[in-house]
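Mind looking over this structure? Questions follow.
All chains are identified by letter, namely A, B, C, D, E, F, G, H, I, J, K and L, in their written order; residue positions are counted from 1 within each chain.
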Amino acid sequence: MASILLLNGPNLNLLGQREPRHYGASSLAEIERDLTESARRRGCELRAFQSNAEGELLDEVQRARGSCDFIIINPGGLTHTSVALRDALLAVEIPFIELHLSNIHAREAFRRHSYLADIAVGVIAGLGAIGYELALQGALDWLRRRQQT
Amino acid sequence: MASILLLNGPNLNLLGQREPRHYGASSLAEIERDLTESARRRGCELRAFQSNAEGELLDEVQRARGSCDFIIINPGGLTHTSVALRDALLAVEIPFIELHLSNIHAREAFRRHSYLADIAVGVIAGLGAIGYELALQGALDWLRRRQQT
Amino acid sequence: MASILLLNGPNLNLLGQREPRHYGASSLAEIERDLTESARRRGCELRAFQSNAEGELLDEVQRARGSCDFIIINPGGLTHTSVALRDALLAVEIPFIELHLSNIHAREAFRRHSYLADIAVGVIAGLGAIGYELALQGALDWLRRRQQT
Amino acid sequence: MASILLLNGPNLNLLGQREPRHYGASSLAEIERDLTESARRRGCELRAFQSNAEGELLDEVQRARGSCDFIIINPGGLTHTSVALRDALLAVEIPFIELHLSNIHAREAFRRHSYLADIAVGVIAGLGAIGYELALQGALDWLRRRQQT
Amino acid sequence: MASILLLNGPNLNLLGQREPRHYGASSLAEIERDLTESARRRGCELRAFQSNAEGELLDEVQRARGSCDFIIINPGGLTHTSVALRDALLAVEIPFIELHLSNIHAREAFRRHSYLADIAVGVIAGLGAIGYELALQGALDWLRRRQQT
Amino acid sequence: MASILLLNGPNLNLLGQREPRHYGASSLAEIERDLTESARRRGCELRAFQSNAEGELLDEVQRARGSCDFIIINPGGLTHTSVALRDALLAVEIPFIELHLSNIHAREAFRRHSYLADIAVGVIAGLGAIGYELALQGALDWLRRRQQT
Amino acid sequence: MASILLLNGPNLNLLGQREPRHYGASSLAEIERDLTESARRRGCELRAFQSNAEGELLDEVQRARGSCDFIIINPGGLTHTSVALRDALLAVEIPFIELHLSNIHAREAFRRHSYLADIAVGVIAGLGAIGYELALQGALDWLRRRQQT
Amino acid sequence: MASILLLNGPNLNLLGQREPRHYGASSLAEIERDLTESARRRGCELRAFQSNAEGELLDEVQRARGSCDFIIINPGGLTHTSVALRDALLAVEIPFIELHLSNIHAREAFRRHSYLADIAVGVIAGLGAIGYELALQGALDWLRRRQQT
Amino acid sequence: MASILLLNGPNLNLLGQREPRHYGASSLAEIERDLTESARRRGCELRAFQSNAEGELLDEVQRARGSCDFIIINPGGLTHTSVALRDALLAVEIPFIELHLSNIHAREAFRRHSYLADIAVGVIAGLGAIGYELALQGALDWLRRRQQT
Amino acid sequence: MASILLLNGPNLNLLGQREPRHYGASSLAEIERDLTESARRRGCELRAFQSNAEGELLDEVQRARGSCDFIIINPGGLTHTSVALRDALLAVEIPFIELHLSNIHAREAFRRHSYLADIAVGVIAGLGAIGYELALQGALDWLRRRQQT
Amino acid sequence: MASILLLNGPNLNLLGQREPRHYGASSLAEIERDLTESARRRGCELRAFQSNAEGELLDEVQRARGSCDFIIINPGGLTHTSVALRDALLAVEIPFIELHLSNIHAREAFRRHSYLADIAVGVIAGLGAIGYELALQGALDWLRRRQQT
Amino acid sequence: MASILLLNGPNLNLLGQREPRHYGASSLAEIERDLTESARRRGCELRAFQSNAEGELLDEVQRARGSCDFIIINPGGLTHTSVALRDALLAVEIPFIELHLSNIHAREAFRRHSYLADIAVGVIAGLGAIGYELALQGALDWLRRRQQT
């Protein structure tokens, strides 16, 4: 049974509390609960973790090594600044999808560069909360395809 | 009943004929057929079009005006070079998702720039053929959310 | 009797159908008809052509060789991307004015670069539909001045 | 009755004295006289001012506030260097057309950037002395269109 | 009664211990005490927080939401590197002034870019410890002006 | 008794006449009068000068040599374009604070570069008219600190 | 028997009609006929195709798949702008030589970048019409060397 | 007796667990133990600290002030992103050597820039685990040379 | 008898009053007097002009037209910012030497770009007050060589 | 009888000794011998020279002046770094072809810039040892065409 | 018995004669002698060579092929300018360490780029003369590790 | 008695043999002879050296150490490419003037950057052969001024 880790970076704990029209009305807790449930229905296990601290996210990525098959990560602002997060993901060699709720290409120029995207399986951006569900489907499809190779 | 247009740009007619391990074994015809079917199950209508000629893609986008609710577009190489395609999508004011089979961030540097991404609803890249199915779900979710506003 | 070619590039066939406040309420057909009439009154002949396909525009520029004295061209999105259009205009050695309905300097940064402007007689931008009429006057003035040399 | 201000920046007082083949044989005085006459025929009033001093041009722009409907400005070399001129035009909120006698795109690279173009109604470049007349027509057309809104 | 949050980022706990001639002889504790007192005299409440950890600063910004009217922040080295801090300040929508003790423009080139300055009310740099007092006055003036609107 | 020079550059004579919500309702005359008064109360003398002409500002800076202890300067658009102003301030060796009413970091990209900031004591931006008062306090604090050294 | 495809892009149909001193007096038809003949003498088959339309060139490259051993391509202006052409050549995996009649390094700066050169076997530029003959020899030499490996 | 601090940044706790061929088979614990022993033999004291959290590394650098003579630091991914770490090292004024196990010049372009290198005594990169031993020798040599001055 | 114009731009009126060790102890008046004398000895006439105002320098350059054979210009800070000065020198078509007292290459990066150097006969920089004398000799040599052609 | 100089720069003396699959098995001596022979058959004289020292190559280019009609040069690494070689070729005014065995566009980014290409007749790259033979044919064709003019 | 080549580039023959406080008091002869001795003690043979001429260094690198196991190179100023040196080291395929006495990161910006670093085993910079000894240890460690693989 | 070294770099041995109208008709031998004579008249000794080889120029600069008071150097193409020449001049600490016969600012963009200019006393460019004489006067003036300090 595949094991998925859902990581959310800085400020994503505020989800649902601000701009519900833009980000949807769901809180992070609801998103994590729904995705855990969806994962279970699809026959896999999902664990969720959020932190505002880069160091704690690194610890979590390192802990995932050996016990986790795929990471779905919304790195928040660390997307554009954390080489250490890139290094952690390179080190544990777990495939991952990079996820953004808003369309990072339609915002400030500095958001167009990600330190993670080129080592990710793929990227989903701009689709709102359903992006988590789509990332889960994409992750399971990727794991299935790899198994077939 | 929502009407979706699926557009595929230059060279995507070759899908399934090369590097099946990388892009999956499905031909473009199969993908179009499956997505049409999936759309029907979800209660919407999907029309598919592919061309190697920028001009024909522009004509198709223009024709969609008034009759189409959402566009799912894999612009191929035009992603990085066609201001005219951007202008057509701006003119018809139809929301769209930009889709790429491979992870454009893991390839040549010039593939990191898209003339479409900042005016798209969102972007999906690197997830292979299932990306089309995820884009359809994302599109329908977006249309549902807009209706609620 | 001077012979003028009016070329309109991708998406300009949509003129008048969208944002009339911005671009004026005239369709491209009306603009072409009015400019043809204005040219006749000023004692010259004007032929108009529009296409969304770069290749067809190139063909038209090539055909103008030998039979046409001046080109007024609104290249649309090709302004910023088509070296081939530049090459065609260089090859036929017909003087031309580059025209834009909107002010390209007030939009996205990439619209500030034109592959045609430095080989044009001049550029008119941001003045709306009257720009075509002004370009015609500018063209005739240029032809008259050249004759005097 | 619309009131137009014609501003010419540094070195334009030399017009007609040098390179008549390139810039035409008209002196600035003749151009100002002709344009004043043309404005009168079209039912509007035109005042002309030229200075080599940025400060005097700023004073003139500031004085135009409240009493002038449109500015036609050929900023000469200040086009590429004067943020203060941009600020003055922003402050008085008078619509203006930026005009250049020669084609600035066909000259040194630094002439391609204008501190005024993106806040102008539009730009005319490369058409020689007739450019002033075309700018006048463009200005009146713009004022008429705004009135209709 | 207005409530102000004073945030100091990495290494500012060392204030007063090094280079007293440059930064003044006051320790951070003294600055915080003086500013709290000054705020009280001006009829508002000030709370102070310092941390070397980005995550703790983010937590503090988030906690300020709803209970705090203005933030005075000296982000230290995070000024130039933390998109997450920018995101937190964007999310809580609390107006803030960015403060630097030394003149960041007179140091290494990378200190000229701030991820916060363009979303701040304003910036004070190079005035030493009195900068905190000036920022307080600026903050109260800004709150008063907003109230009048 | 310290002697302060207050310099305002191009277009600042328009203060109070436009966008009072943004810049405050005070005219430049009022600001100069208030600051002169505030300076007198703090035991120093303040002289004010404004010009739209770079050359006159240079003359004024040069005249300050030997008779003035500190300059508070709002260089307006010259901030970003005048090396000559920088040279004058370098030559007279009078410490100065650079002041901006609006937040230059939240505007066009070219406003982020100042030819003066790196040789200034410090910079205050975005705090509106109270910025002049804060600059005065900062100047006096700087003079006091230097005396103590 | 090796099969070679000779592709000529936009505006190369004008060969021989302009600037014979620079490009030689041969028309494209003559060059194609001579090269076909030369290929026959060297024991291989050559097919020639020219188009001004990118889409038709893409179609032709795709058709070459499986039936063609080498492509000699003069992409004209598409050299510098067509990612789609690069993608087509990458997809069909046919080795190719990029050819230019004039020396692209001695012209405008944008001609120094090619979207094809780094995936080509090699490049020949500036040698005029004989370049086609040299490319043919280079192609046959490359095929012979590959066979020996 | 000289006192040395050995600092290892994010992800270096994974040493020895991955890619032993590349990084050697030694764990960080072994490296720290060996270097402590080597330091003792050379008559100095070495303390080792590793953390994935930037804030904790800053705290450690600050604590070293006054009690430590030299720092050997492998900042991991923070090398390229942490101005705060630079500031801490500037503040405590302890000489340090920057160390990298792999050759950062042979990897992604962004690894070529270090926020620490220009304020370091020197840099050692690409020599694997023995780099720590070499850094220790270099540090002691530097301390000895300084003593002689 | 050759006629030379000596132009000095902003802040050069301060010569001799500051940093005599660096710039020499001569005032501008002495330099102008000495150079006028030297010119007379060499059989030519020299007129000197200095202004802090760009506009006045432009007026002076324009006046030189027809009556002056060579200009020696030390443009001060305008070197790096004045396109209008370049335009004036282009318009009057008088050969000129650009002169700097200090070595502009050894100072701030922005001083390395001159808007005049590429249209000058030549440039002398860094040699102090004797540079004026050398420029005079260079000017006369240039005039003599031109006469011989 | 035309006289050709074949120049090979640094490291080309190693040809044939390394990577025979890539560069062919021929040594430089064999290539020089074969090309000398080929030249003789085509009725011209070829002299060959190789050196690792830039200065010796410059001497050789200078000596060619007056006695040599065309240069075929493979400048090796000097292609990207030697302005002196460019200057020598400019000075002697001998037409030349720049040759590279490997495809410089498919290697490190710095190899895409040549200090020679824009003053060469043309460039051949990536075709291996046969490139020398093709360059010889291209050179003779160029000389023949020039003779006809 | 391993064979090491020590190469020193331009100006390193001046070592010990200038700035002894900065570079140590040892001459290059002493360093070479000491390192030769140290190598002998560690059971390997070291040969030393210095030249101011790039060509002679290339010759020496080429000669090392086949007879030498490792190169320690201090390329001096050639570090930043010599592609030919890079090519020679690539051609002979001998592993090497790049060494600098001073900290190149603390000097002019152009010294931060090395044409050798990305193909080196590693880099040591800023540690003074002991750097040679450390490089020797690093080289032997690298050779031992490779033998074990 | 002051001792001056005159250094001329690559290709300057060709002086007088080409483009006499541009560079004057004097050969390098004549220039060296005249300058030696001029130096003698002014009471100093001048030695001249030219080479096409960078290494020989470095040797010459090194030899000048201790015996030479000033260097006049025309580095030719090495101006823009030789860090080693810069290093040699830094090492021997002899003041020097950089000289160019032609105006390097009016030529290719890469000629605008010099590796020597910022460490030179000054630069003379574009004045032809008389530049050598002017440099000599500038050098002697500089030596006299230094003596007075």
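Note that contacts are C-beta pairs under 8 Å (C-beta built on N, C-alpha and C of every residue); 3 or more make two chains touch, one makes a residue touch a chain.
If you're wondering where the values come from, they're calculated on a predicted model, not measured in any experiment.
S.K.: Starting at chain A, how many touching-chain steps does it take at least to reach chain F?
M.R.: Graph distance in the chain contact network comes out at 2.
S.K.: Same or different for chain C and chain D, where same means more than half of the interface numbers show up on both copies?
M.R.: same
S.K.: Compare the contact pairs of C-D with each of J-L, B-C or A-B and report the one sharing over half of them by residue number.
M.R.: When the residue numbers line up for over half the pairs, the pair is A-B.
S.K.: Can you compute the centre-to-centre distance for chain B and chain D, using the mean CA position of each chain? Integer Å is fine.
M.R.: One centre to the other, that is 46 Å.
S.K.: Quick one: report the Å distance separating chain C from chain L, using the average Cα coordinate of each chain.
M.R.: The computed centroid separation for chain C versus chain L comes out at 55 Å.
S.K.: Starting from the mean Cα coordinates of chain I and chain L, work out the distance between those two points in Å.
M.R.: That pair's centroid distance is 23 Å.
S.K.: Roughly how many whole angstrom separate the Cα centroids of chain E and chain H?
M.R.: Measuring from centre to centre gives 32 Å for this pair.
S.K.: Where in chain F do residues touch two or more other chains at once?
M.R.: Expected reply: 53-56, 81.
S.K.: Please give all chain pairs that are in touch with each other.
M.R.: Those chain pairs satisfying the definition are A-B, A-E, A-H, B-C, B-G, C-D, C-G, D-F, D-I, E-F, E-H, F-I, G-J, H-K, I-L, J-K, J-L, K-L.
S.K.: Taking the touch rule as given, give the residues of chain K at its contact with chain H in the complex, in rising order.
M.R.: 21, 24, 97, 103, 105-106, 112, 114, 117-128, 130-131, 133-134, 137-138, 141-142, 145, 149
S.K.: State the interface residues of chain G toward chain C in the complex, per the touch definition above.
M.R.: Residue list for chain G touching chain C: 9-11, 13-14, 18, 51-56, 76-81, 110-111.
S.K.: Would you mind writing out the residues of chain I in touch with chain D in their complex?
M.R.: 53-56, 58-59, 62, 81-88, 91, 93, 115
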